[in-house]
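Multiple structures follow.
Two complexes follow with chain A in common, the first pairing it with chain B and the second with chain C.
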Partner chain A sequence: MSREKTAVRPAYGKNEKRERLMGYILAAPAVILLVVFTVYPLIYLIYRSLFGGNLIAKDPDFVGIENYQTLFESEDFHKVLTNTLVYTLITVVLTIVLAVIIASWLHSKRNRKLNDITQTFIFTPHIISVVSVSTLFLWLMDSKMGFLNSVLNALGFDSYTFLASPDTALFSIALVMVWKGLGYYVLLIMAALQNIPSNVYEAAEIDDTPKLRTFFKITLPMISPTILFTSVVATISSFKVFDSVSIMTGGGPLNSTNTLVYYIYEYAYRYGKPGQACAAGVILLIFVCAITFLQFKVSKKRVYYQ
Partner chain B sequence: MKERNKVLDGGLNILDIVGKLVLIVVMAFPFFWMISTALKTLGETLLYPPSLLPESPQWSNFAEVFKTIPVGQYLVNSLIVCVSVVLLQYLIIVPAAYSLSKYDYKAKPLVFALVMLGQMIPMQITFLPIYFMFSDLGLMDTYVALIIPFISNPFGIFMLRQYFLQVPSEVIEAAKLDNASDIKIMFKVMMPMVRPALVTIGLLSFISNWNNYFWPLIMTSQDAYRTLPIGIALLKDADTLQRWNIIMAGNLLLVLPMLGLYVVASRKIRNAFVYSGIK
Partner chain C sequence: MKKWIAILLSMAMAMTLLAGCSGGGDETQGTGAQGAAPEGAVTIEFWHSMGSTTGELIQEIVDEFNASQDEVYVEAIYQGDYTTAGTKLQAAVSGGNAPHVAQIEITRVGMYASAGVLLDLLPYAENDPEFDLDALYPGVMDYSYYEGQLVSLPNGRSVPVLYYNVDALTEAGYDHAPETWDEMREMALAMTGDGVYGYGCPLGDSWYYLALMLTAGGQVYNDEGNNIGFHDESGTKPLQLWLDMIEDGSLYLPEGDDYASNSALRNAFMAGVCTMTMQSSAQYRSLVDNSDFEVGVAYIPKDVTYAAIPGGSNLVAFSGMSEEEEEAVWKFMKYMCSGDVAGKYAAGTGYLPTSDAALNSDIYQEMLAQYPYLDVAVEQLDYFVEMPFDESYTEIKDNVVGKYVQECIIGGMSPEEAVEHMYEEAGAFYE
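Then we have the complex of A and B:
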C-alpha cells in the first residue's frame, strides 16, 4: 500500500526533501561553471571598466567613468562604432533578404532534386573555420593577383579595390561573411516555410491570387517570427565580428574595418589598456542586451503567431 | 494558348535550373580555388590572369606546410581540445538538464535563467575577465583554459532539457520501484532515450571547437598549446614570401576534416543546426 503510494507521488515527506536536494546536486556543476564563466566575468567587466592601470599591474587606480569619457571623446572609437553599425546593417539586411528569397525559391516544387543539392552547397561554408574562409577570400580578392579581379577584367571592368581601399574594405568583409553565413539562414527559413500548413494556401489558390501577392500577404507574415529571430541572431553575430577582421585586414586600411571586438582586443593586448577595453566591452554588453530585449518586445506585439 | 503556356513553362524551367547552378558555382568555386591553388607551383600562383588548374599537382606543397609550421602539434592539440570538450560536457549538461526537467526545487527558475543568460552572452564579452582570472591562476597556455569554459554548454542543457521533458515520468517511477539510484536512472535509463539529442550536441560542439579561432588566440602563446586554426592563421604571417600555394595547402588541412564530416553526415549536420536555430 505505502509502496504504491510512493510510486504515484514520489515527492512526499522525507522523499520530497531528498528529491529537492538531488535536484540541487545535479544542477550544481553546471551552475558553478556558469557562475564562474558568465556571471562573474560580467560583474568583473563592469567593475574593471572603472579602473585604469595596465595588464600586469596588481593594483590599478580607481578612475570612475574616465574610461568611458575617453572612449566617447575618441574619434577612433566613434569610427569603430560607426564601422560596427554599418557592417552589421549591410550583413544583416543582405543576409536576411537573400535568405528569404533563396529559401522561397528552393522551397518551390520545381526541380526538387536540384533544390536539395543547392541547399547542401549553400550550407557548406557555415561549417568551415572563419580562418580559412577569410584567408581564401584574401587570396580571391587580392587587388592585383586575385581571381575575382581577373573575372572583372575579363568582362571588361576595371579591377575592384576590395580589401585594399578604406572605401571598399568593410563592404568586402561583409560580403565574405554573408557568403559564409547565408546557408544557415536559408536552412532556418526553409524549416519555417515547411511548417506553414498547406490549407492556408488553398483559399488563395481558389481565388487565383497572383503568386507575388500570396508571397507578401500569406507566406511572409507566416514566417515573420522566424525572420525576426534570424535577424536577431544575425545582428548579434555581426556585432561580435572579430576573426575575419583580424585575418583579412587587421582593422585597416586607415581603421576602416576596425570593429568593436577587434578594438577591445587591441586595447587590451596591444595598447595595454584593459580599463578602456573593459569599458568598450560594457558597451558591447549593452548592445547585446538591448537587441535581445527588443526581440522580446517586438515578438510579443507585431509578429504573427499561430 | 495551352501550347504557349507549355513553352513559357519550359523556359521558366530552364531559367530555374540555370539560376540554381549559378548559385552552386558561387558557393563551390572558392573551395575549388583553394584546392587548385594548393596544388600549383609558386610560379603558377603568380600568373595573371590565373590558370584554372595546375599543370601537374604539386603534392609536395603539403610537405612544405609541415616544414614551415609544426602542423602535427597543432593537430594533436585541436583533437585533444575537441574530444575533451565533447566528452566532458556530457558530465555537466546531462545532470543539469535532468535536474531542470524532472526535479522540483525552489531555485529552479533561477538555474534556468542562468542557463539562458549563458546562452545569450557571447565570449567576446566575457573574455577579458576570464583572461585575468586564468592569468592569476597560472592557467594561460594550458589545455584547461581551452576546455573548461566550453563544457557547461548552455545550448546543450537547453536542448537536452526539452528532450528529457518528453520522456514520460512513468519510466522514471518504474525504475525507482526497482530501487535504482538517481544517478543510475539518469545514465542508464534517461540517456539512452535521448541519444539523438546527445549526438546533435556532440556534433555541434565538435564543429564549433574545431573551427574556434578567438578563444585559443587569447589563451595561448606557445606552439605546445596552439590549435590548428591558430597555427594555420600564423602560417599566413610566417610565410613572408606570401606563397599562396603553401598557405592554401595549409588551410586545406583545416578545412578537409569538416568537409569530410559534411559529406558523410550532411543531413544530420544540417538538422543539428536547424535545431540550434529554432529552439
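Then we have the complex of A and C:
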C-alpha cells in the first residue's frame, strides 16, 4: 500500500471513474461476505455476552457485565487462560525453531534425492485431518498399552505418562500439534531461504565467515519477515486449538488441557450458558488482537524487509 | 500451460476447502435410508444419537415403520453422540429449525421443557385407545412429566452395570460375580497381574462415581434439593475404594474424558486388559459380540444397598407443528413405545425394555436365551432413584463432582476434602 499523496488532486476522467467503480464492484462480494460472516457475528458476540439464559430460551435476561465477573472470579477460567498461553508458547517456539532448523538442513541438501523424500514425509501430517491425527495419537500415547511407551520401554526408558497425567498432558497435545503443523511451516521457510540472493553468501564466503555466523548474521535476518509471518499464524492457530483437545483429553485430566475455545464450546453447548461462552469469546478476541499487535510492534525493529 | 497449472491448482485448493466444510455434513446423512416418501405421506424428521450397530437397528426399525403404513414417512438422521447431538439440537431449536422428533439424553430434557419448546403428548396419550400410558414401567417415566405435561417418552434407557470377564474370574477361582465392594476389591486383586488389571472405571464420566455413591447409601440431591445428597460417608467411600484399588494395583484408569474414556475402557475390557468394569447396560450386546471370552453382567456391587442411577435417552417432539404433523409424530412415537418395537430395540442393544409387553415380546425372550445376562439390568429398575429436572445437573456433574473426583484420584486430595469442595461449589448453584 503506498501512502504517497500527490500535491494536486487530478480531476478524474470518465474512464477513471468507471475504473474506480469497477474496483468497488469487484471488492463487493468479499466485503459483503466479510460483513455477514465476520463483522455481524462479532458485534452479536459482544451483544450476547451481556445476556444470561440458555441457547433455546426465548427471551434471555440482560445481566450486564455479570458474565465477565463470573469468568474473572472463576479459578477454572484462570487455569484455562494459563493453559492456553502455555500451550501457545510451547507450540509456537517449538514449531518455529524446528521449522527453521529442518528447513535450513533441507535447503543445504536441496539437490539430493533424500531431500524430496524427507520433504514429503514432513509435509504429509499437514494434510491429514486433526481428528484422525488426534485419534491416532490417543492410541499411540496410551500410557499403559500405547506404542510410544512400548518403544520407550524397549529402549530401556521408563514409561512416560503422556495424556494420563495433568503434568504432561498439555505438553503431549502440543507435541502432536507441532508434529502435525511442522511441514507447512518448513515449506514456508524453505521458500524464504530460496529467495535469499546468492551474492550475499558469496560475499560472506570471500570474507571467510564461519558457518554459524553466516546463519545468524545473514540467513536469519534475511528470512525474518517469513519467521514473523509464521509465528503470527502459528500463534493464532494455537490460540484456537479445539479438535485435538476435544478428542484426546476433553480438557482433562484435572482441567490441565482445557483451553479457551474448548471452554467456550463446553459452556455454550454442554452447560447451556451461551452468555458466559460469548464473554469468553470476547476475551479470546482481545487476546488474539493484543498478541498479534504486540508481535508486529516488537518485531518491527528486528525484522528486515528487503 | 503455466496458466492451466495455476487454474488446476487453485481448483484443487478450493476442493480441499469444500471437503473441509462437508466433513461434518457427511455424518449427518441418514444411515442407508431406503426408498422415498410415498405420495401424500407426512414426512417426519427424527434425530438420534446412535452410531454403528445400534444406529443400524434404529434405521431398521424406522424402515419397518415406513413400510407398515403409507401415511407417515420418517427420516432418521444420526447426529453424533449425546453431546454432539445436543449441540446441534440447541442450535436448530434456537434457529427455528428443530426436527419433529428427537432422541435426547434424559438429563437434558428439562432444559427444553422449561424453555417451552416441547410438545405436550398427554392429550394424545390419553385419547388414543391403542396406547396405554400405564403399561410403561414407572421407573423409566422419571423424565417424562414436566409441570403436568407429558414431554417425553422412554426410549433407550439404561443403567450402569458391572461387566466381568467370566473366564478370568473362573481362572482366579471364583464362580460368581462380586456382590459387595469388598468382594469386588478382593476379586479384582486376584485377577490383577502381568499387564492385566482386575477392575476399570472411567474417571472422566462421573455417572459411575454417582452410581457407587448411591450404593453406599447416598442420594444425588439432598432433601431440600439445594445441594448434593452425599456430603457424608457415602460421598467419600467410593473415592476411598478407588484409592485402595490403585494401591492394590488393580484399578485401570482409561485416558480421555467423558464418552472417550468410556470407549477406551470398553476396548481395554474386550482386549482382556481389564477384567471387570462398570459400563452402561446398553453396551452388553456389543461387548459380548466383540469379546472372545464369556462376558458376565451383574448389579453394581453394593456397599450398603443396591441402587441404580438412571441414564440413556428419551424421545421428545417439538411444539409448533401443524396438526397433521403432530398426529404423524404421535403415530411414530406410539410405534417406538409399543411392546414389540421397544422389545426389539432392547434385545438388539441391552437398553431396558420399557414395559412388560416389551419384556415378554418374542424377540426379547429369544435374545434372552442367547444372551443370558440381557435382563440383569431390568431387575435394577426396582432400584431406580428419582432425579428431578435440574438445568445445572450437567455442569455440576462434570465441573464440580467430576473435577473433585479427579482431584482426589490423580491430584492427591483427600476424599473428605474433595467431597467438602463438591458440597461448597454445588451449593453455590442453588443460592
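The definition used in the following text is that the second predicted complex is superposed on the first by the 263 of 306 C-alpha atoms of A that agree within 3 Å, B and C clash if a C-alpha of one lies under 4 Å from a C-alpha of the other, contacts with A are read in each partner's own complex, and residues count from 1 in each chain.
One rule holds for everything that comes next: a contact is a pair of C-beta atoms (placed from the backbone, for glycine too) under 8 Å apart; a residue touches a chain by one contact, two chains touch by 3 or more.
Everything numeric here is computed off the predicted structure, so don't read it as measured data.
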item	value
Which of chain B and chain C A:F242 touches, first, second, both or neither	first
Touching partner for A:P225 - first (chain B), second (chain C), both, neither	neither
Partner chain in contact with A:G52 - chain B first, chain C second, else both or neither	neither
Which of chain B and chain C A:N255 touches, first, second, both or neither	second
Touching partner for A:F137 - first (chain B), second (chain C), both, neither	first
Chain B versus chain C as contact partner of A:A164, first or second or both or neither	second
First, second, both or neither for A:S129, with chain B first and chain C second	both
Partner chain(s) touched by A:P60 [first = chain B, second = chain C, both, neither]	neither
Touch count on chain A, higher of chain B and chain C	B
Which superposed partner A:A27 touches (first chain B, second chain C, both, neither)	first
Chain C-contacting residues of chain A that also contact chain B	129, 138, 144-145, 247, 265
Residue ranges of chain A in contact with chain C within the complex	54-58, 76, 129, 138, 141-145, 162-166, 247-255, 265-266, 269-273
Chain A contact footprint on chain C (complex, rising order)	23, 83, 86-87, 90-91, 93-94, 111-112, 115-117, 203-204, 252-253, 255-258, 260-261, 264, 268, 271, 273, 391, 394-395, 398-399, 403, 406-407, 410-411
Chain A - residues contacting chain B, complex	3, 7-8, 10-11, 19-20, 22-27, 29-31, 33-42, 44-45, 48, 102, 105-106, 110-111, 114-115, 117-133, 135-140, 144-145, 147, 150, 153-154, 179, 183-184, 187-188, 191, 226, 229-230, 233, 236, 240, 242-243, 246-247, 261, 264-265, 268, 274, 277-278, 281, 284-285, 288, 292
Residue ranges of chain B in contact with chain A within the complex	12-13, 16-17, 19-21, 23-24, 26-28, 30-31, 33-34, 37, 45-46, 48-50, 91-93, 95-96, 98-100, 103-108, 111, 114-115, 117-118, 120-122, 124-126, 128-133, 148-149, 151-152, 154, 157, 173, 176-177, 182, 186, 207, 210-211, 213-214, 217-218, 229, 232-233, 236, 244, 247-248, 251, 254-255, 258-259, 261-262, 266, 269-270, 273-274, 277-278
